[in-house]
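Before we start, here is the structure in question, set down as structure tokens.
When the chains are written out, they are named A, B, C and D in that same order, and each has its own residue count from 1.
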Amino acid sequence: MNTYGRTFRVHIFGESHGPMVGVTIDGCPAGISMKHADLLPDLERRKAGATGTTQRKETDEPEIVSGIFNEVTTGAPITILFRNADTRSADYESIRNTPRPGHADFVLHKKYDGYNDYRGGGYSSGRLTVALVAAGVIAKKVLNEITIQATLTEAGGNTNIDAAIEAAVTDQDSIGGIVSCVVRNIPVGWGEPFFDSAESVISHAVFAVPAIKGIEFGSGFGAAKMKGSVHNDAIMNESGTTQTNNAGGINGGITNGNELYFRVAVKPTSSTPRQQQTWNNVTASVEAFAIMGRHDLCIALRVPVVIEAATAIALADLKLMAGK
Amino acid sequence: MNTYGRTFRVHIFGESHGPMVGVTIDGCPAGISMKHADLLPDLERRKAGATGTTQRKETDEPEIVSGIFNEVTTGAPITILFRNADTRSADYESIRNTPRPGHADFVLHKKYDGYNDYRGGGYSSGRLTVALVAAGVIAKKVLNEITIQATLTEAGGNTNIDAAIEAAVTDQDSIGGIVSCVVRNIPVGWGEPFFDSAESVISHAVFAVPAIKGIEFGSGFGAAKMKGSVHNDAIMNESGTTQTNNAGGINGGITNGNELYFRVAVKPTSSTPRQQQTWNNVTASVEAFAIMGRHDLCIALRVPVVIEAATAIALADLKLMAGK
Amino acid sequence: MNTYGRTFRVHIFGESHGPMVGVTIDGCPAGISMKHADLLPDLERRKAGATGTTQRKETDEPEIVSGIFNEVTTGAPITILFRNADTRSADYESIRNTPRPGHADFVLHKKYDGYNDYRGGGYSSGRLTVALVAAGVIAKKVLNEITIQATLTEAGGNTNIDAAIEAAVTDQDSIGGIVSCVVRNIPVGWGEPFFDSAESVISHAVFAVPAIKGIEFGSGFGAAKMKGSVHNDAIMNESGTTQTNNAGGINGGITNGNELYFRVAVKPTSSTPRQQQTWNNVTASVEAFAIMGRHDLCIALRVPVVIEAATAIALADLKLMAGK
Amino acid sequence: MNTYGRTFRVHIFGESHGPMVGVTIDGCPAGISMKHADLLPDLERRKAGATGTTQRKETDEPEIVSGIFNEVTTGAPITILFRNADTRSADYESIRNTPRPGHADFVLHKKYDGYNDYRGGGYSSGRLTVALVAAGVIAKKVLNEITIQATLTEAGGNTNIDAAIEAAVTDQDSIGGIVSCVVRNIPVGWGEPFFDSAESVISHAVFAVPAIKGIEFGSGFGAAKMKGSVHNDAIMNESGTTQTNNAGGINGGITNGNELYFRVAVKPTSSTPRQQQTWNNVTASVEAFAIMGRHDLCIALRVPVVIEAATAIALADLKLMAGK
């Protein structure tokens, strides 16, 4: 099931070392202005290039092939393609016998009986997030005046991100981080009491982003240590504005009109330059090995725009489900 | 959308102060032994009664009305009903004008244009979790040899739970907690690379449980501070057993055969005995008020079996989707 | 998958000889007036009693147990139950070894590995259509000013229905019929170009009604013999009113604002009083046998209100999907 | 909702006069042999070229861009693209003001508030069926030994198809037809008792094919005139082989192991060369006009392989849902 959404539905396809990756968005309303150039800023934010990111360089040039006519959405499915150019498949032959720790090599091989495209992670590659980001741009258009802002607020346990990256480069070991996300101007009433709580649908989308291992809304894990009289957010007016925001903008699974706020944990990039140990299927023994290929030392640097995209996709679906 | 699952589908219905609550499970395979008595142990674990839990006492007697014949599942939808008995609706008249902080009173009123059954939270009540627990028992049967064990490992910031409850009673203020959940004997290969990652589907179900505000898999938020060389779990044999389990049993969204492990944050019960402030729609001003009704001082005490149920439901669906 | 609908979702459960059958409707908007008495007229139309219908008499008293508060829908799932009273399970012991021709006995036994509740067809019984009819009443409320009218226009090949029934009684053999359905005041624009064409979603719901074996929209099978210049409906004004209605109100899968019109074929009741032949699993030979139990000689008499319900359910879902 | 299927899911996209059309298939099992050449025979059957078909010539060269690696399915989403080449968009300017009778011009304009790509029907074009046929080839692979055979058995009311086409050419008026479809080697037990009956899911897919206006299973509309003792198919052995096949291989919504058989009605091509009448939005009057562009005189000639594809897609989904 590689589809997300009930009304605003996103499908992604392609492999890291195939000819292209792409996304189809079904259920986007007609009449939304959508220019080619509108896609570029978020795609640019996701690109590698900064210190601590991979040397694989893709142009990430989006090709809109359906669903947009005269720079306006038509109501038909929107498909956007991205050609893969800078691939080096030979780098990946070895992983067939020595599954990389932290990566999905082992589980993909088992799940698909060895038929998966193993080159660069195949369909499971972070490369696919370029398609998520494109879908996120469309979703943000659907959300209109609602703003979503995700920021890397901590890397390698350090809130000074530059220093954290510098240390990782010196150390030649990958690091993770914390991304904080805030959504403003969201109306009251999105989300359902139980199975489609706002937390349920947002976390469902967010955990689709590779490397995410935790999410907390509002005070989150901190709330578990608080007293009710402190945690409860006093309601101050008829619009429901609260004095504090420990709930992160969600009560009983439903948005309450205050800022929706959550934090996600990004694990360290699995591809660390350090030597590691893994099982070798040929020699049938545990062996030391080193990762080849080009990788991000701190993938968390590129995650914020992807979290924004996942959040936008989830909220666009909630908006269309709410029908108001 | 009050339904969970693609193949093993769970629907819950009823209100806190209506005649009954219930659950329909569609997609459960035929031929699974299912006695009335099998439902009782988990229902018992969810019941109030201990210090720190509500004085509302429901018998929680399950009435199986379809889908089971001669104590075996038939393949038809399974419906189980629970009568409500000990309701005191008069307690709730006041909340129509003074929405309780931390509760869904305000958002439900807005979402449903004032037509929601406001008595005791209506459909949004924790009372509905009795239906979740019943569905969880069926799901556990589907999962067969897989075991799911959730435990309250911290309450009010204290790992000594008895002491934490005692302090809350003395303090007359509600507290939250941390529930840890471990799943054993789970096969390799459940979950999908992106939108239906194991983390996505489990978190979707878990955030359907009232009061949950955070979830982390494996090292979770701790992973954000670790280095890749430390976080990566070395693969030790051809079955994929890992030396450590920082991944919590999931790589790339897919179960890896090691223990699946996650922790959830439970916020303090919104209904604290302490005086609070909220908006009064009649007087159009912020006023102090005190919660009426009977409530849990530490709802986290009753949460573990509900987390087990949500997890079992999510995993039963993954199992049937995997088809093996 | 015993659920219909994407936004207006209907789940039915129960067995012919179990304690009750019921329906849960999820996704019904809040604020719709819904009295107990509103359910009765359509339930009455479905009841047996007339010449040619079964002698099993059920009161079909609906018990609304959730989702309606103060006679208005709340937005929460609506569940309605119907107790079974007049069951004679002993009548059905024999079918375990001699599957009845035309019935689902054989396929149910195989599909569910023998675990199905075989009494009176179990979950597959026409008894479940009482739940469909109840859901249809809710759906009609959602559709508001749109009217749906289904009529038995032919029975046993005869357009004089009374005469057809009389002949069947004399002949002591069951008969089928044709039900015509017309929907008025439907807006332009419901349905999707391909997979969720109006014909697709209506036929999906209609073929859920037992005994239906064909459906045609507008001129239907007659269209296959017509010329394009005759079949095309000339558009006469800016509202899209057409001179003829060979399309049955649907172009390219989308409603065009004219009357939506279709006809369905109802096969003869499988339970004919006549002697038949079937395989006997015990004697391992083909044997003559006669149906026991109480049955409708012409089930088509009771089908129109069920077709209206199926149509209303499909259209209510299209309406909520259209969002306007 | 431009997606079909619960487990084997098909998404189509593109427009008649856009750069390409395509299909993504999600949920196809890994390990199925799938060569580029395997797509060609069915694509060839769908092509124009014969007398009575359009002069628009597309190469229909499939470009497999994901989900297949080393000529085997990987378990990841399969995407196949088809470039559009022979488009003449100028032909379609006039339809913006004079909606063509029988076509979707009017309803698309209303549904999408005028934002639809109107060129050649845009997303609603029969051009999209090339994507359906490609998905059908994959579905047939999933179905393995099950064979699906659709045939044009009647055109313009004549069972001599060549004569029917000749008459249509002479007459310069479009015609429709009847397509019969038979499925062999299908196991017992596919389909669900109510909402996902085999008839429901097949008809849902079949009515996604443009120009289809009716479907009947087994004796279909003929059954409405038969007596029960004649219509019932006597069961002759323990495998469930029946003496007759009036049920068309489906009892109670579930396949019974006999040949699955159905017929569909194809309406005459809406684009007839004959002069017609329609509303002109500019002159605000009914006017005579003639269709421009290149069209099929008898689209039914090209329909059988598309019906096979729709059927294969529906059955592949039922197979994967059945899990056996």
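Quick note on the criterion: contacts are C-beta pairs under 8 Å (C-beta built on N, C-alpha and C of every residue); 3 or more make two chains touch, one makes a residue touch a chain.
A quick note: this is a predicted structure, and the numbers were derived from the prediction, not measured.
Asks: Could you see whether A-B or A-D has the larger number of C-beta contact pairs?
Replies: A-B
Asks: Farthest chain from subunit B, comparing Cα centres?
Replies: Chain centre farthest from subunit B's centre: D.
Asks: I'd like to verify one number: the distance from the centre of subunit B to the centre of subunit D, where each centre is the average of its C-alpha atoms, in whole angstrom.
Replies: It comes to 45 Å between the two C-alpha centres.
Asks: Using the average of all C-alpha atoms in each chain as its centre, how far is it in Å between subunit A and subunit B?
Replies: Computed from C-alpha means, the inter-chain centre distance equals 26 Å.
Asks: How many angstrom between the C-alpha centroids of subunit D and subunit A?
Replies: Distance between chain centres, rounded to whole Å: 37 Å.
Asks: Hey, what residues on subunit B touch two or more of the other chains?
Replies: In subunit B, the residues touching two or more other chains are 1-3, 6, 12, 76, 111, 123, 193, 321.
Asks: Applying the document's contact rule, which stretches of subunit D touch subunit C when the two form their complex?
Replies: 1-4, 6, 10, 12, 99, 101-104, 106-108, 110-111, 121, 123-124, 128, 154, 156-157, 171, 173-178, 188-189, 192-197, 199-201, 203-205, 207-208, 210, 212-229, 231-238, 240, 242-243, 246-248, 251-256, 265-272, 274, 276-279, 281, 284, 286, 300, 321
Asks: Quick check on the complex: what are the subunit B residues that touch subunit D?
Replies: 6-7, 76, 193, 320-321, 323
Asks: Which subunit C residues qualify as touching subunit B in the complex?
Replies: Checking each residue of subunit C against subunit B gives 1-3, 9, 11-15, 18-22, 24, 26-27, 30-31, 65-67, 69, 72-79, 111-113, 115-117, 122-123.
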